[in-house]
């Protein structure tokens, strides 16, 4: 593979592949963060995670239409508004779902899988009935679509940078919330021992509802950000579900740090392999590798001992 | 539609009279709009199809749920438009067309099940449907066993020919070769990078493209496939940047397209400078991709919504009137629109709804009202049609830049390309 | 499970009822088209039976049962395809005598792993053994390391995804996304005729009843009770000196074998097999068949499969959009409101009624059971 490339080429390959790997890393992490909270912290297998992401994407689509029709002057910043709205809408739906469905199922994690799968079917059909079966094109402000030209072969995509920055921001927020706020303490207390947490006066139901809502909200933001790099259609959400779960499980479900580490290793592996092999084979090998390692080390990369 | 449609009704009525010696109404051919007393059902239907004295039942079989609904919606709309127009003009052999629509649900066994239902239970006279090759492969044995007639709209990989199927889209050589010749000649292209989704159509198409490129002594710099639904293309875009091929040749399908073009643009590849030719992005797909992300790319297929001919000028407004101003029409949608018309013309030529007679009468049927201009059914049940190259505009339409002077012959089993 | 004589007599009655329904009522009521559809649905019931043991009894939820269904189906399809691709039938190809899709993909010789499938007896053995072996490898790796519950579900799901990509990608050897289509004869016997379909339906029904009996036997042995015990209190079983993982591996392989038989029967009755069964969506749907029936009731699983598939066929003929909502709603309702599915409904509403009748007059009991039973389904 090295033949035919000059040293300058190899340098740019390295730079660009590093960037491709990093941007894939942010995509994976952004997908997985919401699920890491919901699945890792609460033990709920949310199969509708992809649909919550697509909800965020549709909110962005609507926002884009609204701004170009009524507030064209502010179009350049509509995306920021859209992301906030995506968080709110997906979070609100998440809380409603928690209240109606999930809270009855905490003792039966496998059943949450089936119920949320049902939810994902309902949401998909709802998107199809509302927005039509075709994919919608989400227009982006011009400044987000360009790239910074560094050298002959090295261009840094702005939307890649944007996704990275967003990922860093959200990850920081999640960490601050989980490990620096009193609310995060409550969440962790409930995760580690629900009964005792209740006994010391934590309103576990409320904590659950907000945790679930925030997880879904983050999914919404992720979906909103993914309009920059992916498609928005009723069934687009399904594309993400296997990858997302693998990232969370591979990292060790209860550990947020593990999620970051696993997103990093999977994305680097995939992006490197994709460069040297054809796309399909790369994907198969990465998935096989992840499954293989999980078989050897089922608890994932990082382990946190919890008592349920 | 333009008046051109009806001239072809004439021989069919004539033939019917000759064949059956019935007291068929002579005026029918000249005044298609007149609701004339038609020949009794038994004489035009000897095999027990769902034909009465005033109606004939056909089936529409596409996915309206599941992942393929994205693509197949346009075909359903076009087929319904064609059927409505035919009914408005008096139907087929004086019979109004009734439609039974079934959902294939993006699931191949469901396609097989529903096609069997349409043929065995509903006894439909023809089925307009299927989109993916896999769904067609699943229903093909059913159509052959129960002797049904399928009008299949999608451009596809070829390697198939059946008495029971009329392929209204292009097969691979028809779609690919002219476009490659054009890009070699006009753009002086020497190196090509082939990218596709990982399944039979892109692989077969790229195989043909590679043979054609290598026959001309030119180079294929790379050939890669991605799983269906893949959304990460940064690595391959990097490879393209390094290898600097003259042409990126694309047969990626579905949602992956959206991801690819957005990432390509973000990576700083300007399609006005880098030649890219796609055989998979129609106006339908551009809706999802966003015109601004693909402007400048070339597409090679047989129909663009912007085609400037009288038929198309009548067809596009009619489609928009029925399905809304925002509706767009892609290559497959147009090919789906041909199905009901070709069937009507064939039935009237055969003077019967019987599948065997329709299949036998199909070769040579011409449809002069086709939005793409003019098509004729070949002996091998594919269509003679022109091949065209269009250039994507930012508003999601294509500008026609080249069309073959003559109709291309369909050749589903191309010698030298296998 | 193991209550009294009444419970097992109830089982017997249920089984007889099901046998009558499948082998007498359906063939009398339905035309051959509908009957063939029922036959297709019943092949999914094999998977649901396996899931009852695996998930309902042993508490291991596999989201990859489609893999085994598919592998079984592919083994059968490979045999049939080779028979359909005799040199005479394929003489227009550039390499006659190999399946058509290989020819399209420039494969010029039959790959080695296709060779044994010229033999029917090998193929029939492979139908069960290949998927069971695959399940054994997965099970060995996972259960020995005490992977269970949610993790197992997610890993099996990933395996389903990997296998789909592989099969679609290696289309020269597997038929890719189109699958292996246009299967015609089994040892010269045309499987596409109505007569053949009728016979296949009865074979399928018989096999299903056999599988049901076998599964019931497993459930009622000590092994079955241990599985339930492991589901509820794994540690106690382990501390009592049992090797938990071996039992789990066994039941997982057993379920895989059942699914594979279903897959093979599917191929025979429908006439093709494709990678679309191996994916995640069908695998999860098969879980819901089992859940609708009541996850630990074997007979319930068969009725659950039939109910959902009839519902899909009928509803999607008239209201395709509605069907998606209905299916989603059903998932949610089954989990939230009727976690015990049809079997639970039967236990709560029908069984007491029968018991009352049973006490009042012994003679009428069985008939009453029959009528109430069929009303529930």
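In order of appearance the chains are A, B and C, and numbering begins at 1 in each one.
Everything that follows uses one rule, which is that a residue touches a chain if its C-beta (ideal position, glycine included) is under 8 Å from a C-beta of that chain, and two chains touch if they have at least 3 such contacts.
For each chain, UniProt lists the protein as follows: A = Urea ABC transporter permease subunit UrtB; B = Urea ABC transporter substrate-binding protein; C = Urea ABC transporter permease subunit UrtC.
Quick caveat: nothing in here was measured; it's all calculated off a predicted structure.
Set against the Cα centre of chain C, the chain with the most distant centre is B.
Looking at A-C and B-C, the interface holding more C-beta pairs in contact is that of A-C. Remark: chain B and chain C have CA centroids separated by 37 Å (rounded to whole angstrom). Centroid to centroid, with C-alpha atoms defining each point, chain A and chain C lie 34 Å apart.
Multi-chain contact residues of chain B, defined as those touching 2 or more other chains: 64-65, 198, 225, 227.
For chain A, the set of residues that touch two or more other chains comprises 125, 128, 238, 280, 283.
Residue positions of chain C with contacts to 2 or more other chains are 165, 168-169, 321, 324. Across the interface of their complex, chain B is touched by residues 33, 36-37, 40, 92, 94, 101, 104-106, 165, 168-169, 171, 176-179, 181-183, 192, 270-272, 274, 276-277, 313, 316-317, 320-321, 323-324 of chain C. The residues of chain A lying in touch with chain C in their complex are 39, 43, 45, 47, 101, 104-105, 108-111, 113-115, 117-126, 128-129, 238, 241-242, 245-246, 249, 253, 280-281, 283-284, 287-288, 290-291, 294-296, 298.
Here chain B touches chain C in the complex through residues 64-65, 102-103, 105, 107-109, 112-113, 116-117, 120-121, 132-134, 137-138, 140-141, 145, 157, 159, 198-200, 203-204, 207, 225, 227-228, 413, 418, going by the rule given at the top.
Within the complex formed with chain A, the chain C residues making contact are 55, 61, 63, 141-142, 145-147, 149-151, 153-155, 157-159, 161-162, 165-166, 168-169, 280-281, 284, 287-288, 291, 321, 324-325, 327-332, 334-336, 339.
By the touch criterion given at the top, residues 5, 9, 12-13, 16-17, 19-20, 23-24, 27, 125, 128, 132-140, 145-147, 149, 153, 155, 157-160, 228-236, 238-239, 270-271, 274-275, 278-280, 283 of chain A touch chain B in their complex.
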